[in-house]
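Multiple structures follow.
Look at the two complexes coming up: chain A is in both, with chain B in one and chain C in the other.
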Partner chain A sequence: MTETVLEVTDLDVDYNTGEDATHAVRHVSFTLEQGEFVGLVGESGSGKSTLGFAIAGLSKPPAVVTRGRILFDGRDIASMSREELREQRHGGVAMVLQSGMNALNPVRSIRNHFRDIFEAHGHVDKRHWDARAAEIVGKVELPPQVLDRYPGELSGGMRQRVSIALALSLEPQLMVFDEPTTALDVLVQHAVMNTIIELQKRENFTALLISHDLGIVLESAQRVLVMHEGEIVEDATARQILKKPKDDYTKMLLSHYADPRGEVVELPGFEDRAARAKTGAKRADAAAHPPTVSPRERRTDQKAIVVEDLVKVYPPPRRGEREVRAVDGVSFTLEPGASLALVGASGSGKSTIAKLITAVEKPTSGSVKFGDLDVGKLRRGQFRSLHRDVQMVFQDPYSALNPLHTVEYTLTRPVANFTKLRGQDARRRVLELLDIVGLSPVEEFAAKLPHQLSGGQRQRVVIARALASDPQVIIADEPVSMLDVSLRAGVLALLEDLREQWGVSMLYITHDLLSARLVTDNIMVLNHGKVVERGDTAEVLRHPKDEYTVKLLDAIPNPRKVA
Partner chain B sequence: MTTMTATQQPAIAKAPGPWSVFVRVSSTIWSNGKARIGLIILGLFVVFAIFAPLIAPYGASQNGFDRSADPTAAHWLGTTAAGEDVLSQLIWGSQVSIFVGLVAGVLSTIIAVLVGLSWGYARGFGGDVVNFIVNLFLVIPGLPLMIVIAAYLSGGGIAMIITVVVITGWAWGARVLRSQTQSLRSRDFVTAAVFSGERPFRIVFREILPNMTSLIVGNFFGAATSAILAEAGLEYLGLGDSSVVSWGTMLFWAQNSNALLTGQWSLLFAPGLCIALLATSLTLINFGVDGISNPRLREGKQR
Partner chain C sequence: MTSVTAAPRGAEGKAKSVEDDLPLQTDSSGRARQTTLFVLRKLGLFVLTLWAAVTVNFILPRLMPGTPADAALAKLAQNGPVSDATKAAIEAQLGVPTGNIFEQYVSYLHQVITLDFGVSYTFYPQTVAELVSTALPYTLVLVGAVTIIAFILGTLLGVLAAWKRGTWLDALPTLAGSFASAFPYFWTALLLLFFAGYVWRLFPTSGAYGPTATPNLSFAFLGDALYHAFLPALTILITSLGGWILGMRNTMISTLGDDYVTFAEANGLKPRVVALRYAARNAILPNLTSFGLALGGVVGGSILVERVFGYPGVGYLLFNAVTNQDYPLMQALFLMITLSVLVANFLVDILYGVLDPRTRR
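Up next, the complex of A and B:
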């Protein structure tokens, strides 16, 4: 624990130079000791990946290191030539990318990927290539048979393991993991993360784990660097960060974590649900949490969504494989004004259910009824009668808005289609919608294009669009999973208030059990299209009965576990 | 000083109006070296075509000069077998080529857009029918089909040529646009438009179409190129109205009068070179158009 592997001094990385330069990394200094596991946490745009790329010598224009030094093994990475960089990759710095699993060449077997590396660096004797490759994939808990497979034949988790193995094959002293598990499913994420931790302990290389998720970092790293707007605001051991965070930003990040299994679950803006239920208080009743929407009369004509024995079968993905039963005999009722969580890992069929309820897809058998409307039998021309009352909030705010239309256009369309408002009245309604979702000054936001908005703002526009027809039901498909932690609570509070103040019922689809605990009363756990557990949200999460629910709960990175 | 900028909120940029989009697109094309050469060549031809009455030394079919004369000071490129000035014919002829290229390019692009987009958005039986028809047009060899149609519609002049070029030229573009439509239709914003109560027609033409502008522009230049080549080819074969002066008919008459055997190579060479240059210019512009759709092909300006 004495030898310094990496020393970064006063580093600046800019995008572009001169007038329109953006300073992504500013005055960053830190050191990494041999064998350390260090986490680098920050929200999107904090410059953490830019820093990671600079350390690995992978900075590409327009990113330019404008100041400072990155000393690795006594040599400055920033000033190395391409060839020097290439040579130092053996025994030097290796990087595993978030999309590393997609960086494999689909027409070459895994064995060939290893051979390419061995050949380029010549550090392994040709006779031992296969044995060495088998040994390395073994280290990431893959059987040697994967060497003969092609990337397309492996799952996302396996491919990410392969990309870790490839990075490992150069016997690096320092491994930089850039969001290595973010693109993976919750359960797989947990397993891959465990592999990385085990691997680091065994091989004793130095590791830098870059992540937006403080939970993952605290669980695995000994020391944590917190990055905010290009600067490192805190550098302390994981324990210290957890117990005595010094910086306000770190405190803010920490405050957004809680154990969904806890007796009392509170987040900024959310008091414990059980306590509220006892007194009948609404979220916005607490003095500290101003309501996001003003109360209004509940409507009287609300209808329930009744799902009975719903089945959706997709044709086999490849010849010779079996058909996919995405949804397999699911029944439930969403009462007016109720909130129901639908949780499960990816592929559990939860998003398919959303599509079936909203008539985007047709069920194979079973029925979906909204009042007396048979959703499964709707024809294209009748969609408006359903979408007037049942609206959807999409997972990815970056793809749910047409990049070429202004916010005003996006919101005007549903107003024009579902209401009788036209011209100035329609515009007034659009501005009112923006006000409801908290985007003010409204006129300024109305004129913006999606790329001028942050992720959280975009998601608010998506919610505003869903509200344009004044719906009775909102289907929220992972509405916060693509957002930064600090923005999540705001969006969740908005959804909760819409339900409590307006009586909009909500089907909340997620893999994030903590948010499910915050905004829903009832929960259904889905596994391979079947409901494995259902009941009161707090009850199910605190005392899970099904094995799968327990697995999901265990997969949640929990900083408190460190203590 | 400079460190301030990162902490400040980015200034609110105005929503780009149609004019600024046009300026941006043009400057993107212009910034590409190849495209710049293409634009200059095309520009020259357009100037020649528009100002032909001023530039051309003689009328297009003004004859009475020495027949089959070699280049002289009075006739830079010599005269034809009918005693017309070749240079003047060349300049006047550019009008036809550019007109046909432009009109046939626009028309076949419109058809390609209409068919490609609705085909890409529709599912089921209708799609299969369109698929069959498009495949039919794609598998039939182009030139024979053109000749057959041209012979069938004989005597229509330029309008006939345009019709033939459009009929045979839209299918490939339709197929390309269809595949792009299919990939765009699975995007969330298209589903979201359905939730906004939009009708299919509006979804296709207001949500999907603007997202493939560059593809359509590229398709237009491609279609215009092949239209120019097809026009020249058909007229060279004598299937057009041979009394119209165009590069194609110049080649036709040059061939008829055995210009190459009599050593009058400029009669064949000059119009041939012009056709090649015009087609090349459009192809070069298409290199720049690629930069609009794929920002990575541009220099590292934006993130």
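Up next, the complex of A and C:
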């Protein structure tokens, strides 16, 4: 028998910013039964976090509940006074925040975090505070010694576990997890998610898991709410969503998941590599919209990047600790026009390799050669010759663009730096770049400021900027990991087009094996700075040999696992 | 699209409890040692910078051509020929360096350590050490105490303003603070002097104590000293308070938006605990640096106030030393100012260590 814990009826949450209010949550109604594990999935801007905050009674101006009720335990959360809300937090609704890494007070020890909660609610006898705290951290699989640590002394995964333990110490009936593992490394993400699932089964609280990742939600939740533009478009069991999704939006989200281990891997608008290679066809999308500019001619002097026995050692991060061998004896060659994936969890040294190739860092030993240019021995004044041909695309399109400059200005800078084009010629080149990355009408996009662009559009501008010097090699460091799933395929397709049509070679750095499978021919798996496995991308992912590769593959949330 | 039957959940074994092997082994004795090391390191740094400052203070005057006696003689020579007797007298009075530079350095260090800064030109025959030691307590008590009071009061008002953002508790101190700190120091001083001292005759207009009092530690004298210190203290308070209020309010508003504050609220902590232990506790950290700078400026930065109120502190002394080209006095005072900046920085470093565990490593 079940009993309803939460009943949300016809809820509206608005952001009141002056004259025009934004309706972040619209006409939302649903219920949660005792002991249920429910997922709430949606892309950025869907209103899922706003809804989560409203349920936890944490809505703050400018977010205002303008209509509807949030009945919890027979009382309306939306109309409680501040003190009533505060008191109900013991045995009521607890929340674990998205960036759990920053959810702890940096100047208080973990023990004091627990004491603050016990003191506020008085539900634990003072004599048992420490014992109770130790018991609860044990439930999230942490040793009692963490109680004496400060947040800065714990890893991201441990901090998120501590946040969960703190929320748990309130003995809540309902726990709202807002993107609890998003900021964490893939392997850690997997481990923390497992803890949450086990914890929910054992403690039998009701859980609402908010995530942008349908994979994670389908893997853990029994029932899924799909949110789109402030409304809940589908409310069904995980199995139903997977087998018979009703809403078009749900179908679209699902279509962007594929198993990188599959025989054929494709996304909407992105045909499988092997199939394409067989027929010799280029990406269908690209053929349908040929770029208006002709491919450049000078492609005969293309050079390979040759990395030999590369080692990078950093000094110890703290006194009395060991030095860090970020890259440890890595060798590879990136041929002109080829695409190579560098994969691994965070700390595997993949981004350090990018820094060494672009001469941002100097190797401790070993060499990076671009043609006959020894990158490791370049001096400050000589970088330009390297950067004309080797360009980076960064992970975070939100911080990679100066918010004060228009797209045109951002793109004019590298054009002026690396080419002889000036004035109208430079402008023509900027518009051409925008056309290449598919931002049309070009004139309109050129005049925009970064905040007027979506994440996917920003990443296209970042790619256009990298193309400004007409480079031979692009190093893409997690280019799609900050983007919504539905936008990823488009950016990946663009990278693929660049290689096929312009002969740009690509070093693709990622922890996301699906995207690696889509856009690369070869793959190298890195663990603690060492290459543990390498070979043909499809071959390695379908038949992994190394234990670490298997672990990475297992950590991928995949909705189809439920089936 | 194909679907692959993956290994069932849990087949890869129970999730590892601590996914990354971070050092958890340091026990409490390790922590105590860490603290000692931290203090020793800061102390070492303090001694090193002090030595460097003292040495620079030695080198700088020697980079100028000639000796103080040469300068005095050159000035006299403009009015006619200088007799040998005069020359000998001036050289005897001002001193001529003997020995090589290293010997000079050793004797200079010895003098610094024994606080022997020679005799003041202006207040001859009083020694520099006497002058400084008489002036220093007045400045330390007046400016030092007021700086600390202003910091504490301003910080508390800033916390309140940020916590009650948008109410009159925010608007009033913020507006009044920025209004008052917009006045120049001496202008506020002159206004107070004119009204409270001259028109209403509530407070004395100059000096550190009345004409009949003699400095001692009796209650009568201390009361008199406080009475005289009131107006200059008020001036400093009025002009510096606004900065502390605004500084604290701004950092506090930023920490109020931090995740740990939201999480503390989500955990139902009492509002007062959230405001003080979570938001304010972190917001105060960046302001400590400004506090250190202000403390360091206590000895040197009070010239205007002390001048306007005729208050016999270090600033007043420095003013006299500069206008009369009293080199021994100036050199000693500059050393004092450097020392006070270093001591203030050292104290703030230690305070940081106490308040912020992240700096202790």
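Please note the rule applied: the second predicted complex is superposed on the first by the 545 of 563 C-alpha atoms of A that agree within 3 Å, B and C clash if a C-alpha of one lies under 4 Å from a C-alpha of the other, contacts with A are read in each partner's own complex, and residues count from 1 in each chain.
We adopt the following convention: a contact is a pair of C-beta atoms (placed from the backbone, for glycine too) under 8 Å apart; a residue touches a chain by one contact, two chains touch by 3 or more.
Keep in mind it's a predicted model, so treat the numbers as computed, not measured.
Following the overlay on chain A, a clash is recorded for the pair chain B and chain C.
By the touch criterion stated above, A:Q459 is placed in contact with neither chain B nor chain C. In the superposition on chain A, contact of A:S49 is made with neither chain B nor chain C.
Looking at the shared chain after the overlay, A:T510 reaches neither chain B nor chain C.
Comparing chain B with chain C, the partner in contact with more residues of chain A is C.
When the two structures are aligned on the shared chain, A:L401 is found in touch with chain B, with no touch to chain C. Contacts of A:M158 after superposition: chain C is touched, whereas chain B is not reached. In the superposition on chain A, A:R149 contacts chain C only, with no contact to chain B.
No residue of chain A is contacted both by chain B in one complex and by chain C in the other.
Remark: chain A residues 56, 58, 82, 85-90, 94-95, 97, 99-100, 102-109, 116-117, 119-121, 141-143, 145-146, 148-150, 152-155, 157-158, 163, 166-167, 170, 187-188, 190-192, 194-195, 198, 219, 258-259, 261-264, 266, 318-319, 321, 551, 554, 558, 560-561, 563 touch chain C in the complex.
Those residues of chain B that touch chain A in the complex are listed here as 2-3, 5-7, 10, 12-16, 187-189, 191-198, 200, 207, 210-211, 300-301, 303. Residues of chain C that touch chain A in their complex: 1-4, 6-7, 9-10, 12, 15-20, 22-24, 28, 31, 258-260, 262-271, 273, 277-278, 281-282, 285, 355-358, 361. Contacts from chain A toward chain B in the complex involve residues 15-16, 21-24, 26, 61-62, 229-230, 358, 360, 380, 383-384, 387-388, 391-392, 394-396, 399-406, 410, 413-414, 417-418, 444, 447-449, 452, 462, 465-466, 468-469.
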